[in-house]
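Below you'll find a set of structures to go through.
In the two complexes below, subunit A is the common chain; its partner is subunit B in one and subunit C in the other.
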Partner chain A sequence: MARFVFRRLVSMVLVLFAVSVITFLIFNVIPNGDPAERMAGKIPTETNIAQIRKEWGFDDNVFVQYATMMRKVFSGDLKSYFTQLDVGEEIARGIPATLSLSIGAAVMWMLFALVLGLYSAVKAGKFADRLLTVLALVGISMPVFWIGALMNHYLGFKLEWFPNGGYVGLSEDPLGWFEHLILPWTALSILFIGFYSRVLRSNVLDTINEDYVRTARAKGLSERRVMVKHVLRNSLIPIVTLWGLDFGFVVGGGAILTETVFDLQGVGQYAAESVKQLDQPPVVAVTLFGAFFIVLLNALVDVAYAALDPRIRLEA
Partner chain B sequence: MAEPLLDVRDLMVSFRTEEGVVRAVEGVSFALEPGEVLAIVGESGSGKSVAVGTLMGLTRSPNARFEGEARLRAARREHGGLELVGASEGKLRRVRGKDIAMIFQDPMTSLNPVQRVGDQIVEQIQAHEQVGDAEGRARAVDLLDRVGIPRAAERARSYPHEFSGGMRQRAMIAMAFSCEPRVLIADEPTTALDVTIQAQILRQIEELRERDTGVILVTHDLGVVADVADRILVMYAGRIVEQGTPDELFYDPQHPYTWGLLGSIARVDRARPKRLAAIEGLPPSLSDRPAGCHFRPRCPHAFGKCVETPALEHRAGLTPGHLDRCLLAGESKRRLREVNGEVGLGAP
Partner chain C sequence: MAAAQARAPEAGGGKLAAGAGPWRLGLRRLRRNRPALAFGGIFLLLVATSIAAPLWSKHVAHKGPSAGKTTDQIVIDGKKTDVVSVKSIPIGPTWRGEYFLGSDGNGRDVMVRLLYGGRNSILIGVSAALITTLLAVVIGLVAGYYRGWVDAVVRIGLDVMWSFPVIILGVALGVALQLGGLQLGPVSIAAGSKLLPILIIAVVYVPYMARPLRGQVLALRQKEFVEAARAQGAGPLRIMFGELLPNLAGTIIVFSTLLIANAIALEAALSFLGAGVQPPETSWGTLLDSGIERLVSAPHLTVVPGLMLALTVLAINVFGDGVRDAFDPRAKVRLEH
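On to the complex of A and B.
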């Protein structure tokens, strides 16, 4: 197991390295023109451009340029030439909102998907199952920027049941934190609930016909134990994998729309604003930040998968 | 004779399907005595697995219909035994795995892949007895040891994928025996295993006889049961067509289907036939069986009377307990089953 984890960590570092190289190529090498000029902002002065060129090593070869960029990333020396703000600080400021949104939504979509998926499987073919199938399809088909905007408008602005966007820190005001996040959580979760409950339903229906479930019944176990210990336990393995991957995706950029619609001031919103202004240093940093989370969650998922399914360990 | 452990009378099982009603089992009756190995032999689709699965309540579904009786007299907690057909799920659950246990055809898929083998045995013990984890684990190790799993204490902590097929089937037997059931149903326990392992598993099952356990051994291979079984029921298309001891069935088979089964066994102790005899044709579709004798369309010796359903009965000149469902006269049977000096289905 320890070896497995170690090997997974090594490959994670390799993937991150590759991501950083590709990011570097995309932003600094592939586009035409002077990278220093692009970075300098809307009304660049000659001195600014010259200074940036010197700072980022744009007169040197690409290897030096890459090394310089990575040194800046790791030492927290990235600065936006548009806002004059420190990129590291801006990202750190956005992290609580982004994590609050992602973790809360992940818990929410998993809980709802578990209940609805299991219920749907137990009632397979009946009216309740068909209704849930339709609802899941509707949920999957509603884009978050649309349902989010509707929620904001009707539940937040018109009915005033919920705050109309914004983020409040958990430590400052726990109730306010919850109130501000409930709509974003819901908006972000709907797609995943629809998707996960369908996957779980079909997994459960597949597993129920497995020979070992028949064995479990033949052993005289209660129906509840058969369902939880044998059916659900095995049906959940692929779902947990999916969960980790999607959580990584949401933290690493998948929540950009939700954050923007609900004005949560998270990392995603910061990324969206930086992209809008073509502000390169923050975009590079946020890209690497997102990649880091996705790769990290991928590795965690693999480790969790091995813990959940003993057959994986030998093959690894 | 002691009271039978299990008394099955006129068991009928049918399923509603899109192609109509499938009559999987059409009136099967037998009694299982303590210490007896009763073999049920038949090809795929003969209803043998459905019949024994029904005893365990494993064939229940909204589309299934059951008739007849199956009284488990060996149910320890039920006074006078438990009627398995129509028993409540709760009552059935309490006898399953405790008084009547089952092992299945494919040991590769019959164990939960993500649960340790020992834990799967402990789980069964704890479903029926107030036993702590430590004691349960000790019993599981002991059970694995008794079915011949080396280093049982260590292997109890293994997962099923770390076991070979034969070891998994042994683990299944250990599990089936964890609560010392009086009745064991083995549904094709050796079909998925190597021939060498088959013999070991059969020996394991045979040993149970000494503990007065009744065993129902379901198989499609008449050769497998020759040594092990005390009695054999031959099933065809949902009915028992012949029953008797192995001697009776092997040396004086009465039903043409049995002749066909015997003729299709490859034997190394005889001259090699030009080609292995096969029974021509296919078993009838489950939802559309011929009236009268179900074997009629494939039987080269069928005659006018075969359109009536023959009863499973004892016929003149046979040893008591040897029953069959063929209307041919005893004399004709002896003549017709001779094919080149061997038993075989023959030609008309």
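On to the complex of A and C.
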């Protein structure tokens, strides 16, 4: 087991290294204009540009530039090319909003998917099941930024039931925090609720036909007990796996659209704004931040699986 | 519903001969799935209306997708009305030939732009899905067949791509490429070309399809029919594309159908973040992007393209579900945006 975890850690580090190199190259190989020229302002002079190049190290060769950037990432003094703000501080400022959004949404979509998926499976083939299937498909098909923008406009701006975008810190004002996040949580959850409830429904229907479920019924257990202890428990394993992977995906940049639409000022929105300005340092840093969560959750899921199933340990 | 339908036809095979191949069985199951067929029809209808965009533009709206001034006027109930009011609020749907779905902030006809935008959205979605499928099939076959170091290299590459935050990667590539275009040896793509979003979306989705295909190839190549082919003197190419590929067909069809829906959705997301289709071209994503900016004064600019986008993605998803139940009922296909 220790060996498996160690190998997983090594591959995590290698993958993150590759991600950093590729992100760095996207901005260095693709001809997208000289950052020094853009940084020099509206009326650039030759000496001005040359000085900026020297100061920021744009004259160095690619390897040195990459090394410099990574050193700055780890020592925490990476600066944006355009706002000159400290990238680490900006990301740290966005983390509470991003985590609040992701954790809340993950809890919400899991709860709703459990209830709806189980109900749908119990009523399989009946009207309620068909209706839920249709709703799930509709939910999966709606663009998150569209439904988010409409919710924000109609429920927030027009009806004033909810605040119209923005983020309030949990420690400053717990109630305001909750109010500001209800709409973003819902918008982000819809897609996952639709998806998870359908996966759970089909898992439950598969499990219900297993022999051990028939045995449980035959020995006289109550229907409720059979469903919860025998069926649901075994149907949950794939869902929990997905949950881990999707949580990493959402924290690591998957919430970028939701954050932008609701103006939550999270890490994703920071990424979106930096990309638009072709600001390399924040983009590299945010991509690494996102990749870290994705890789971490992937590894955690793998390790959890290996702990449960010895075959996986041996294969890898 | 889906699972029940997938099981029923197998149980009651009916008149079909015992030796009927998987293709005939699959098509038969698909034909019986009315909702899936209906939504497949809706998708074809949406494609047809997009193709017919110039007809509507020329004969009904009398306006091109980029034509229009804020000072334009139309006659409604005998009165001349500004298409964009003095307070710069565009009119909503008129439900008549001209400005059927209203005007945008520049006095352009929303219906015409919606039809032309649909052309790009569907074109990009379908082309990207095709390219992803092609790449993923080749990668999956080669990695699964050769195993060893080839497989190791492919696996690391896919792992790295898998670990990228998809949207951030797409947006970073999109913005960087849209500024300077792409020059790779003899290949050069101009900035602003529709090929850029197509390629970006295609590449981003490769690991989602290549990974499961590779797994299937690994299992298939142990089977007797591969051994038999090799004993007959078949080379690697013949085994990969002649023997293994047909056995992957079910998975490939299912994946590529659902990929179209995901690619259309990702194009919209990229365009919304300014990294997809570039003006003066339009897509449902760019229409939504400019619409959301004017949500307060002209909600129809957000509602209309979003509905079209959702309807298209829904149609493909329902049809794709039917295809999966028919051809690969045990598959747990999963894609995400």
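Here is the rule we use: the second predicted complex is superposed on the first by the 258 of 316 C-alpha atoms of A that agree within 3 Å, B and C clash if a C-alpha of one lies under 4 Å from a C-alpha of the other, contacts with A are read in each partner's own complex, and residues count from 1 in each chain.
By definition in this document, a residue touches a chain if its C-beta (ideal position, glycine included) is under 8 Å from a C-beta of that chain, and two chains touch if they have at least 3 such contacts.
The structure displayed is predicted, hence computed values, not measured ones.
K.L.:
Just subunit B (first), just subunit C (second), both, or neither: which does A:71 touch?
P.N.:
Neither partner.
K.L.:
Return the chain, subunit B or subunit C, that is in touch with more residues of subunit A.
P.N.:
Touching more of subunit A: C.
K.L.:
With the two complexes superposed on chain A, say which partner A:271 touches: subunit B (first), subunit C (second), both, or neither.
P.N.:
second
K.L.:
Quick check on the superposed pair: does A:54 touch subunit B, subunit C, both, or neither? Answer first, second, both or neither.
P.N.:
neither
K.L.:
Go through the superposed model and pick first if A:253 touches only subunit B, second if only subunit C, both, or neither.
P.N.:
second
K.L.:
Just checking: does A:234 make contact with subunit B only, subunit C only, both, or neither of them? Give me first, second, both or neither.
P.N.:
first
K.L.:
A:222 in the overlay: touching subunit B, subunit C, both, or neither? Say first, second, both or neither.
P.N.:
First partner only.
K.L.:
Across the two complexes, find the residues of subunit A that touch subunit B and also touch subunit C.
P.N.:
Common to the two interfaces on subunit A: nothing.
K.L.:
Show which residues of subunit A lie in contact with subunit C when the two form their complex.
P.N.:
It comes out as residues 11, 14-16, 18-19, 22-23, 26-27, 30-33, 124-125, 129-130, 133, 137-138, 140-143, 145-147, 149-150, 153, 157, 191, 199, 201-202, 205-206, 238, 242, 246, 249, 252-254, 256-257, 260-261, 268, 271-272, 275-276, 278, 283, 286-287, 290-291, 294-295, 298.
K.L.:
Of all residues in subunit C, which touch subunit A in the complex?
P.N.:
Interface residues on subunit C, with respect to subunit A: 1-4, 156, 159-160, 162-169, 171-173, 175-177, 179-183, 261, 265, 268-269, 272-275, 288, 292, 295-296, 299, 302-303, 306, 309-311, 313-314, 317-318, 321, 332, 334, 336-337.
K.L.:
In their complex, what parts of subunit B are in touch with subunit A?
P.N.:
Listed in rising order, the residues of subunit B that touch subunit A are 56-58, 89, 93-98, 101-102, 104, 106, 109-115, 123-124, 127-128, 159, 161-162, 172, 175.
K.L.:
Where on subunit A is subunit B touching in the complex?
P.N.:
Listed in rising order, the residues of subunit A that touch subunit B are 210-212, 214-223, 225, 229-230, 233-234, 237, 308-311, 314.
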